[in-house]
Amino acid sequence: MSDQRLFAAALLDPDAPCPAGLIAWNGSDPARRFAVYRNNVVVSLIDALADTFPVTLELVGEEFFRAMAGVFVRIAPPGSVLLVEYGAGFPDFIERFEPARSVPYLADVARLERLRVRAFHAADADPISPERIARALANPERLPTLRVTCHPSLSVLRSDYAVASLWAAHQGHGDLAQVDPFVPESALVVRVGLDVQVIALPSGGDALAAGLADGLPLGQAAALALAASEDFDLTAQLAMLLRVGALTALAQPTET
Amino acid sequence: MSKSLTSTALSATALSLALSTALSLAAAPASAADHQEKCYGVAMKGKNDCAAGPGTTCAGTSKTDHQGSAWKYVPKGSCEKTASPTSPTGFGQLAAFKEKKT
Amino acid sequence: MTMQFSHGSSARGAPVRRTHPDGLPDRAGLGLKPQHFAEILATGPDLGFFEIHAENYLVAGGPFHHYLRRIRDRYPLSIHGVGLSIGAEGPLDATHLDRLAALLDRYEPQSFSEHLAWSTHGGAFFNDLLPLPYNLATLNRVCDHVGQVQERLRRRILLENPATYVEFAASTLDEAAFITEVVRRTGCGLLLDVNNAYVSGVNHHRDPQAYIAALPLSEVGEIHLAGFAEDRDAAGAPLLIDTHGAPIAAAVWELYAFALERLGPTPTLIERDNDIPPLPVLVAEARCAERWIGSARPDRLEVSA
């Protein structure tokens, strides 16, 4: 077995012995010195998760979060040197993590925070110009088959819990004591300029945004949204998507 | 347009009306925007402007990780402050879990 | 093994550092931190350069590139890799090298540097700079990897001396000799981290001045300065940890002055990655480094010699 393989295994396993062949000038136990590396690795990765999931941390408290993150780090160290990608599997881990079962919405709040980081670093794209939309409107009969490209930062999170309100209450928007976590909510995550926004979607709004993001034609996505809710306000939701720059291109599929 | 698409898609007229109205609404100042929409950023906390998730550094840490072999933690954070901290479906038995831990 | 050095003479000769006209200016710079982006653009602090960690900018778009583009338009840039894992037993990550090459093409930095360390194994990334035994097997591997990096990036890189907490029974060379040989074989330059030299000197009970004097100083392209934290080993001896989380220690400033006497003016980075203070605090540390750089100019040395 290679030296680095042994060293690496011992970094993540607190019960593993200190790797052989390490020495100190004064003959002191090298395990104490090796512990510095062990600690650097685990603490820095827990810190990385704490950076990505600050509301998740607040919900369960720092002690619980860091202990939970420590379990995750040892099971699933980063598979990429790009730490910004680290933690993609953390929400699923939380969902299965028995001691967190008393906070059933924790995993979805973590999913929302992960989508925010993803949105923050997503590619840049300009919103569709009003002129381009005006041109599409000049051929109304072709609007149902129009396909829309969404901003690379856009994603939709559908939850059985009040994810958007829970997250917002931790940013100073609204009173956490008034939030019932067990009310289903959907959230749109999108970067507007340089800021990532979390937008609570009304019933049907999730179907529209997710449908467009999945590449459905405009008419089909709108029909799905209306099927989800009789009260669905298509105009308001399209206006919102345009206002935040969530739509970046229009295309008419070539006639078949 | 294919028949199957027509049956599941919204009419061209309805779409045209919605999109043209949306276009003018979107161009209106934000104050006139739909007020039922709840939109949250992180502007409340200035230092979070660049909340970007984790970054690499080339530094070590002086913080210490206390790894215990037995799990002894319970969620003790803002989850206890929500309007209904326990689940109607029986998940959220914080108190019961706390009792079990010792 | 323990290392023996004869103490270097403190006599001042002419500065030995080879300078590169396209390199970083002989001034002080700061690590670029997102919390300072907007303030840097608004106030334009008088600094020699900024340095970024490459891996933080290997993202598609958004604020990091928005601000870096604007800051790069106004300042020289150093790109410092933390994830190439040049000392790894496994092969270099070709995908990562490609991404780095694209980042360098995009921002055309005056300098690119990496570490004499490893940080990946078996597909896992440990986010720490892990130590190497200094022997022939490591030397061959490190030289191969440095050569591959320089070929792919089509430029000379600077290799940074590490801060370490353990030594290896399998080492057959001392660290300065090892680095000297890597520089000789690959033609790479040296990023002299004075804090690392001090931290490792204390941790391994060796004289940091003698260590620096034994390095190939003519090939130094940049200096790093940072703060450390103090711990103890199992025998109670001081064990310094390279945290980049504190102001630069007085002993490190002294060692910096010692290095500058030999090098002449050298681009110097103030590194702060943890407990990051307001920008003016870091700018003040950079000013302090610039005073030392100023006093290391050859004309000044002649006057004082």
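As written, the chains take the letters A, B and C, and residue 1 is the first residue of each chain.
FYI, a residue touches a chain if its C-beta (ideal position, glycine included) is under 8 Å from a C-beta of that chain, and two chains touch if they have at least 3 such contacts.
Given the structure is predicted, the values throughout are model-derived calculations rather than measurements.
Compared with subunit C, the chain whose C-alpha mean position is the greatest distance off is B. Taking the mean of each chain's C-alpha atoms, the chain whose centre lies closest to the overall C-alpha mean is A. Counted by C-beta pairs in contact, the busier of B-C and A-C is A-C. With centres taken as mean Cα positions, subunit B sits 8 Å from subunit A.
Taking each chain's centre as the average of its CA atoms, subunit B and subunit C sit 40 Å apart. As a whole-number value, the distance joining the C-alpha centres of subunit A and subunit C reads 34 Å. Residue positions of subunit A with contacts to 2 or more other chains are 36, 40, 44, 48, 81, 83-84, 120-121.
Across the assembly, subunit C contributes residues 55-56, 63-64, 82-83, 127-128, 231, 241 that each touch 2 or more other chains.
Contacts with at least two other chains are made by residues 49, 52, 55-57, 60-61 of subunit B.
Taken in their complex, subunit B has these residues touching subunit A: 1, 5-6, 8-23, 25-27, 30, 33-34, 36-45, 49, 51-57, 60-61, 63-65, 67-69, 71, 73-79, 81-89, 91-94, 97. On the subunit C side of its complex with subunit A, the touching residues are 1-2, 55-56, 58-66, 82-83, 85, 88-89, 93, 96, 118-128, 130-131, 133, 165-170, 203-206, 231, 233-235, 237, 239, 241.
Of all residues in subunit C, only 34-35, 37-38, 53, 55-56, 63-64, 80, 82-83, 115, 127-129, 163, 226, 229, 231, 241-245, 271, 273-274 touch subunit B in the complex they form.
Interface residues of subunit A, counted against subunit B in their complex, comprise 14-15, 36, 38-40, 42-44, 46-49, 51-52, 54, 57-68, 70, 81, 83-84, 86-87, 99-104, 106, 116-117, 120-121, 130, 133-134, 136-137, 140-145, 164-168, 170-173, 176-182, 192, 195-200, 202, 217-220, 222-223, 226, 233-244. Here subunit A touches subunit C in the complex through residues 2-5, 7-8, 11, 21-34, 36-37, 40-41, 44-45, 48, 77-84, 119-125, 152-153, 191, 194, going by the rule given at the top.
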